[in-house]
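You will see chain A twice below: alongside chain B first, and alongside chain C after that.
Let's turn to the complex of A and B:
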């Protein structure tokens, strides 16, 4: 088998295994939570008989292994199940929300790269100077930020005081046509900025450190000795190599952003999957929770697999490793 | 370059997401028949709509939205007394063996068909036979046999035995749904009611942005609005899961009303804010601690009395609830239920010395107990430490166990606690509430009490429709509960909701369930300026 095909197969196998692991752990963890969906309904008139009947309807009185096998079978048939509380297929519940989460996390990731790379380069090329110290301090501060506090600050300052951006929601219900797209961007701005601020720090600091290492490598010295301009050394030679570790970080950050979406979407009243998770947790709506985690785990696994494959295509050593 | 590829891929993903997110909606045709005040009232809530089938019990916002479309038979006043709504008369005949409701004849569904006794009988029989999940009404129907529409405006309920709870509780808690539409779905709790809505209320759902907003438009005629026309053309519910974001939206003017109760700390802040009006919503429930009487030594009345005297109730009301609560006089019949309350009831005094003496009398030393409460209730979480510190002064050690709501509910259901702290939102009907709380098989019998004398008093009150007898029996039962510390009722919290001062003429109803957003209020509200 050609090395590239073997490499792709191996990565696909790993992705499938990771997904199975995520699905199994999610399934078991939810059932380890105290209480059950019937208790979460918390009706003051629900006696033991009614509670048992409800659990039976939900299929939760069957042995755990039977529930697990049925669930895997459902998933293999592309069925995420039926929401306990919303009486709708989980796929319908989540598909109404997923585009907003993809939009939010996707744009946050793009902005993190677009802002993070130049800042990392500036810091690395001015190592030890005031500019570097400034970027480093900002990076460390950024790493210590917490979504809710950043979110409330942005909402208060840019939303309420300066009235520049809307508070909450994904778009204005009265906007149509081109105005609707503008409204989507306006509503996206604050939650996206919030996610960028909390994820930018680690990206910039990693970029700076790896680029400083690269700039000290022999191939950079050789380029300089051949009279290549410093700008070309940095952007053409050193940055290419420095980007590999930061690409890995980007894959990892996708997981962080997806996790952060729960808090971000709650604070900014943004109607994505994160909000659906928050609501399903309070109601112990297992199918929605399981479906959300499958979807989000799938997104992260897919992104990481694509990153791995990109790595393999870019660097022959990775394919044979 | 990898950076270029990554960026391009991500941009492509984001672009795809934008495209998938939705195509820009096109403007809908506006209603050319709109008349009167064309303002839109925007209401904020912290909980999203879970299910629009009003026969199920899910979130508070579900109730607010569906209440605007499906009428209740009865509504309530601040003292818990029942008032006419869809039903103009109600009561019992046939020696208490038949309950009845007489309906108004001027309510219509939005398709023009009248709301009749058939809709009411269908709703009641469906709840009785199918017991939709999470609904509370079925629990009041133990003695109901069947509901029958004897005419277009009269429904009769045949009963197994006289039951004073049935008519008022079913009347208040049931929302009437159109038999024609809901009858096509069996079992009814699988019906999501997510489109083609019919409304017999002042407004009807017209669009939903899941997780974001629910828009209702005016329905005419609505008999309880001035001239049959609700005063605003649209009511929009917007969801802000975080209360701080919700308050910022009100301050900015993005929303006109905050429908959920504000945390006590925010009340003081918003009271000083110009352009915002706070409304006090009288509480009709209570906050209490119960002592698990199945566990020793809590089965000893002296120990329970010692615990009751080891709490500084005034400090709790003034500090944790910031003065926004009144004493319940340590009785399950709180002053809110003026018709039943006995003015001679007095709150347990805070007296650690007396507590120590009572424990000594009981022969109990080094009493150590755990207390469970939900961390989702910030007020209780705030006073739990006061209870712990006060008890320590009486030599009692209380181990606080604040936990997430579902763990708390699981522990409550299994009786796994010494002391339970919690709240009830609406305790509108004393007999019904006492039956749920103090009968051995009561669904919310958190004291785990099984006392023949108390059971007898409650069952006697349940089995008569004579109001003076009911009052006497209820008072005896409440006195018994108080004297024996079967339940430690601590306070009635008055709730506060906020709205823009531009809006006036809200009707204030008790409890968060109705507050200022019940149909009659929203059909009459006005915008000035």
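Let's turn to the complex of A and C:
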């Protein structure tokens, strides 16, 4: 098999394995933890015959393995079960909300990179100087921020005190056409900014450290001795090689970012999957919670796979690794 | 100044009573204010946690002074039910520190065990490595939420959940450090002279990964504080005890967060203080341990 095909196949296999793992863990948790909704419904002080009837209806009298196979079969058909509180399938509840979460986390990710790369470059090229110290301090503090604290702070000052930006929902219901898109951007600003602020710190610190390492490598020395300007050495030689480890980090951060989205969406009443999770928690709507995890895990796994594949196409070293 | 320090360190090294590596690290750490001050902050927070009953009355019952801004009577103001926020934050320190210590201890124990075993017994390494990779590539918070909702909120559940979802990170770091050591000649030598596995693991591998463990403890503990606060903020905290996340949750639930800044500012600062302190300690410890940065200073 050509190495490229083998690489793609291997990466696909890993994505499938990860999803299988996520789904199996969810199944086991649902069956083994005391809060199992079906068991909770069929409470113990119920008439024995009725309880058996209920358990049978939920398929809970079957052997665990049979239940597991049925569960997998349902998921493969996109069936995430029925919401307890909204009397519609979990998949339609969540699918309506997924685009908002994708918009939020996606824009936060892009902004983190767009702001993080220059900051990392400034810090690395001024290593040890005041500028570098400032970026490092900000990075450490940024890394330590609690998502809701940042969100509430932004909501309070930019949203309520200065009235610069709207603080709830995802769009203006009375806006049409171009105005609607503008209102979407305005509503996106504060939740997105909260996420960027919490994810920027570790990205910049990693970018700085990898760049400093790259700048000390021999190919940079060679470029400098050829008379290439320092600017080109930094941006064209060192940065290109520093991008790979930081992109890997970004993949790991995606999971963190999705968690952050749950919290920011809660604060800003942003109608994404995260807000659905918050609502499901208050109503103990287990099928929605479970479906949200499976859906978000799928998104993260897919995004990671696509990043890896793109990188494999661009960088031959990744394929052989 | 620096010249004399360098001379003393150079002359001190070859003497017979060579201080141990740990003592050297501490000696170096002691001189770094960016390590010492955060350590004092953590110690102060621990004291606040222990002596909480001496500092404030337990925030129960409802007061008549509702949503009062900070004053001499209520340093951090009062919440929507007239409870003293200073007291809530002080008692919250207890829960946050308890969760940090317990869940990080559990996560470290599990992570170190599996990380070291994986690096040493190559046959099980594949399994452990794969499980760690799988766990790390999934979004943790939504899964934690599902488990917390299913298991029902209590302090013990929260500690167990956070520990259970933090060990893969520890295992990953410990494993990669242990892998670098396993193939060194002295470990081979220990095997050649017929050392038992348990002896080699205890005597040679654990000490080699110990510095990584120190850093992991600090970072896992600070991340546990954030996880607990996150769960509590979503209403999945222990309803019978105060935590910083719960103060924020109640401010959000009651709508107080949009009118009374003090309901959210002080618990937020407490979280930030603890996490920044822990991060700085980890950085200072790494610098103190690393001979390269030591020489530079």
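By definition in this document, the second predicted complex is superposed on the first by the 281 of 321 C-alpha atoms of A that agree within 3 Å, B and C clash if a C-alpha of one lies under 4 Å from a C-alpha of the other, contacts with A are read in each partner's own complex, and residues count from 1 in each chain.
Definition applied: a residue touches a chain if its C-beta (ideal position, glycine included) is under 8 Å from a C-beta of that chain, and two chains touch if they have at least 3 such contacts.
Predicted model only: the values in this text are computed from it and were never measured.
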item	value
Contact breadth on chain A, by residue count: chain C or chain B	B
First (chain B), second (chain C), both or neither touched by A:62	neither
First, second, both or neither for A:266, with chain B first and chain C second	both
Which superposed partner A:155 touches (first chain B, second chain C, both, neither)	both
Touched partner set for A:74, first chain B, second chain C, both or neither	neither
Which superposed partner A:50 touches (first chain B, second chain C, both, neither)	first
First, second, both or neither for A:304, with chain B first and chain C second	second
Which superposed partner A:248 touches (first chain B, second chain C, both, neither)	neither
Which superposed partner A:33 touches (first chain B, second chain C, both, neither)	both
Which superposed partner A:284 touches (first chain B, second chain C, both, neither)	both
Overlapping contact positions on chain A, where the chain C interface meets the chain B interface	33-36, 148, 152, 155-156, 160, 266-267, 278, 282, 284
Contact set on chain B toward chain A in their complex	1-3, 5-7, 9-11, 13-14, 16-18, 20-22, 24-27, 47-48, 50-51, 53, 57-58, 131, 133-140, 189-192, 194, 207, 209-213, 215, 236, 238-242, 244-245, 248-249, 251-252, 254, 403-407, 409-411, 413, 424, 436, 441, 443-444
Contact footprint of chain B on chain A as seen in their complex	33-36, 39-47, 50-51, 54, 57, 85-88, 96-97, 99-100, 102-103, 106-107, 109-110, 113-114, 117, 148, 151-152, 155-156, 159-160, 163, 166-171, 173, 176-178, 180-181, 184, 239-240, 243-244, 247, 250, 266-269, 271-272, 275-276, 278-279, 282-284, 306, 310, 314
Chain C contact footprint on chain A (complex, rising order)	17-18, 21-22, 25-26, 29-30, 33-36, 140-141, 143-149, 152-153, 155-156, 160, 251-252, 254-256, 258-260, 262-263, 266-267, 277-278, 280-282, 284, 286, 289-290, 292-293, 296-297, 300-301, 304
Chain A-facing residues of chain C, complex	130, 134, 136-143, 145-147, 149-152, 222, 226, 229-230, 233-236, 248, 251-252, 257-258, 261, 264, 268, 271-272, 275-276, 278-280, 283
